[in-house]
Amino acid sequence: MTLRPATAALILFFVAIVAFFCVTAPRFATASNAENLMSGFSFVAIIAMGEAFPIMVRGIDLSIGAIVGVVGMVVFDMAQILHVPGYVILPAALVVGTLAGALNGVLIVFLKLQPFIVTLATLAAFRGFTYAISGRQLVPGLTTTPITDPWIAGLETYFDLGGQLGLSKFVAMPWFPFSFLIMLALFAIFQMLALATRFGRDLYAVGGNKEAARLAGISTGGTIISAYAIAGFCAAVTALIMVARFTTSTEALGTGMELTAIAAAVIGGVSLAGGIGSMFGPALGAFLLGAVLLGLTLLGVPQFVQQIITGAILLAAVGYDRLLALRRQRRLNANLAEVS
Amino acid sequence: MAETPLIRGIGLTKAYGNLVALRDADLTVMRGEVRALIGSNGAGKSTLIKILTGAAAPTAGVVEIAGETAPLGDPKEMIRRGIACIYQHPNLTPAMSVLDNIFLGRQPTRRFGFVDRGRHRREALALVERHGIDIDVDATVGGLPTVKQKEVEILKALALDARVILMDEPTGWLAASEVVKLHATIRAMKARGVGIVYISHVLDEIFAVCDTVTIIRDGRVVAESAVADIDRLQVVHLMVGEKLARESAQAMHHKRNPRGSGEIRLSARNLTKHGVFKDVSFDLYAGEVFCITGLIGSKRTELVRTLFGSDHFDSGVLEVDGQPSTFANPSRAMARGIGFVPEDRRREGLMLDMTVNENLAMATLDRFQYGLLMSRSRMGQAGRRMISSLSIQPPDGARTVNLLSGGNQQKVLVGKWLNRAPRILILDEPTVGVDVGAKAEIYTILRRERDGGAAVLVVSSDLEEVMTVADRIGIMVSGRLVAIHDADAVHMNEVVREIGMGTG
Amino acid sequence: MSASGVVTLSLIRRQIASNALPIAILAIVLVFTMAQPAFISPDNLIGIVRQAALIGIMATCTTFVIMTGGVDLSVGPVLAASGLVSYYCLEANLPLILVILAGLSVGVLVGLANGAAIAILQLPPIIVTLAMLSVVRGSALMLGGPEQHLIRDKPEYTFIGAGNLFGLPFSIYVFALVALVMIFIQRRTPLGLLVAAIGDNERAAYLSGHCTRATKTLVYVISGLGAALAGIIQSSQVHTALATYGPFGTELDVIAAVVLGGTSITGGNGSVARTLLGVFFLGVVNDGMNILNVSIDIQLIAKGAIIIVALALAARGG
């Protein structure tokens, strides 16, 4: 598998950042910090991978954070009010998220509206829906009662893989959160989907040149709807992980996550123009952001400076991507000159 | 007993609201038949093609494939029934490889939808070899020159094992040798029983490779004939109607004016841009039309862009009115009296959603400005004058440019620059996609400018156009200006020979 | 139906389509008035305009950005930052004019940064302004911390947002002035035409000799100015400067108003006047729902549904 220069740069940058913090920040190179990174940012990686799909078909999903909210509230209601067993809640949550995403896709394809606008509108509508179905005020004390269903709470388990594999005798190993393993599984599945299946080829085709894809007989509508449905699915997984972590859900769950997801995806090399990108970038981008934020926290850098630095990283990433594109263009022109 | 046609369109009609693009058109293609489809731009050819390939659904009419009625407006269905099309503009995904593009949407799969990489590659390589096309299947399409992209398109159509292949202006970007290769491929496919619809306005090619011809004008089929039973003049007459055909023929006999008034307006000495063009030298005189011709890829567009400041040369001297000049951007060149009509009017020339008046005024906005304000009424007046001077149809300055035909759009674009009364007017492929009538009008406009004292530089690949309108002819080959002739001192064959020489 | 009847009907339909927004606004006002007569009282109507002033100023100023095919997501933090800067200048007892200039300069600076990255480095507007959102918000927090800063005893300043002139809130006059200026710029100055041209075909505009980079930078500066002005008005209205004003969602409300007004998010033709209609439409809907005590969930759902329905209808009719 050939490495795109953007991906190689991303990996190098990640390594550089980790190295930097290992040296400068106390307690960065510890098992507990690695655990924090995984537990705090695995779901960010998942939602970034989900956001990558709409971006790859030359769209965008601004409502992905609101879908997290909807699914979170559905889980809350089903667990705390309807007392539905966990093994029903889990699939139900995934279905709700996927359907919400599919709704975005359907509106975009059938109403022929710009994705920015549609998902802007569903951002409001989904958030409103979250408020509408919120059962948090129904019973006094509900807001403070933790969700104890084993299927859900189980999502927040930690696995002592180091101990089990005998590695912790040699080096202090972090315990791996279940969410990290889920992220790895989803990464593997989606990466295969994107790179090795016909659906993946169709996805890149629709994103790269929608009209050519249509004329080649590809169902552009179906591909686009699927891309948004996948985003919704990832939002659902994210919601489950977050609800398990906080043992409850609020109406504001997921607010602002779309911006983080987009940032991680773009840092990971997914192009806003469509047709370019894979799962590796968004996932690594999310952990890169996570490493930076955790490292800065350990260095005692205040929250708001962290915000500034996050913004700067995003600018640098997109600036670098542009630089690569320019270089590609220059190489292309040189090639044309030779061939003529 | 008549053989069943491969494809048959009956009574096809397409209306977009009030605009009827195609009216009651019939088209039939038999096994092994190469049918030409001719018509001016806007005559309805593209609409007919779109219907036959399922890219658009007709308002009325039926399409039969091998005798069976086919579902309309569904590209996938048409592909399934063996109808392939090579469109004028590349329909490829630039970020994906040649391999992926050849089988776009149809990569061979194993279970669960996984792409069968091995078979995919083997089939593609077999195709490439069978048709003798030289291409790297792993190359990224976006990085290929247009010629190679055309080859990918052809491979894509061949991969479909189509019964009928429609080709829309297939040679627009090809060199003469490549056209010959394409025609050979067409004859091979014909021998295998494939039916071909060949859309083109290059009469030479049609008479070289087609069996039959269908002529469309104003949305209707006005004639169908075997190629052997009709001659060029008749074809042109049928395409444009009597009057314009005569004007077009007359245009061939105008007086030539090489070196115009003798005053050198622009002088290029050894202009070089590394890897693009080298040592280009020529003089441009006031009162003449100097045409630079050559093959696609000879870098003429790249050259003239540096004259206008939208690109830069690396070494050499450019003198305008005797003064050495380097233009950092177009506005500097414009300040010295240079106007530039770019090749792609839709991408680089016009604001398609703005009005005719606004587009006409786009390069002369300061004329309608007083202080901070802009006068729309003066813009409207100036627009009216230019519209009437150029016979822009319909003569409505408030109409959105997108609604005009290709020829009228081109006139608006030219009009924008004429408004500046340029001392040097550069036009890059000024009549691409323009119907015969508007072409003649544009040639008249060019002559008017020339007679008014402007120095006119035209880049054109259309030899007929060059022979019609040039006072002097320059020939560029692979980035070098290899010859300059006075138009009345050279024969077209000589020009063709020089163009084909020294490739690479 | 007779032929002339058909023609008249289609004419009427086209009239309705192009005047959809004003008709919709009237319709909604009617509906809300029937449900709650107090809706149409002068007090309430003035309240609507006053409420709408903040988003309205930002939306009118950001219309040009959207017409060039860009977007400015950083308006919220700019609003907060300019309020903070004004607060500190007031605390330093600077004269009013300098206070206002300082506040506005925040918008100019951010606008220049946005413009430079977008027009000169040619980076995508969504990402640049998204990054700027982070940077400016962080900077605002760094400057003012998370605490509220009360503006005390500064009557000339607080007059801007909270004062009345001839019975109408002063902020409405500011809003009206900004709106008039922007409409004037669009209709009667070359800038207005250039902005539409760049949105339509930037390359062609460049090849026609125009400095597109300068124009594009300028539109982001204008957008920043609008957000900064809104920040001054808000902080003077509530006598407080807070680094977290203009929270997430502000920029989306602004964009929604512009888009409802008919400007396409992909750029090209657009109209400041119609953005105003979009602003009023949203303002009327918001206020009506508040008066009718519609719960926030339904309000949000309604807002989303309205945007989609309105745009879908516009796409059909156009």
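We just call them A, B and C in the order they show up, numbering each chain from 1.
Definition applied: contacts are C-beta pairs under 8 Å (C-beta built on N, C-alpha and C of every residue); 3 or more make two chains touch, one makes a residue touch a chain.
Values in this document were obtained by computation on a predicted structure and should not be read as measured data.
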Taking chains as nodes and touches as edges, what kind of graph is this: line, ring, star, complete or other?
complete
So which one's got more C-beta contacts, A-B or A-C?
A-C
From subunit A, the most remote chain by mean C-alpha position
B
With centres defined as the mean C-alpha position, give me the subunit A-subunit B separation in Å.
45
Separation of subunit A from subunit C, taking each centre as the mean of its C-alpha atoms, in whole Å
31
Residues of subunit B engaged with two or more neighbouring chains
none
Which positions in subunit C touch two or more other chains at once?
none
Name, in rising order, each residue of subunit C that touches subunit B in their complex.
188-190, 192-194, 196-197, 200-201, 203-211, 268-269
State the interface residues of subunit A toward subunit C in the complex, per the touch definition above.
60, 62, 107, 111-114, 116-118, 120-132, 134, 255-256, 259, 262-263, 266, 272, 302-312, 314-315, 318-319, 322
Taking the touch rule as given, give the residues of subunit B at its contact with subunit A in the complex, in rising order.
53, 55, 75-76, 79-80, 85, 87, 90-96, 100, 104-107, 109, 112-115, 142-143, 145, 148, 156, 275-276, 297-299, 478-479, 504
Counting only contacts in the complex, subunit B reaches subunit C at residues 308, 310, 329-331, 334, 340, 342, 347-354, 358, 362-363, 365-366, 369, 372-374, 416
Within the complex, subunit A is touched by subunit C residues 71, 117, 121-124, 126-128, 130-135, 137-142, 248, 252, 255-256, 259, 264-266, 295-308, 311-312, 315
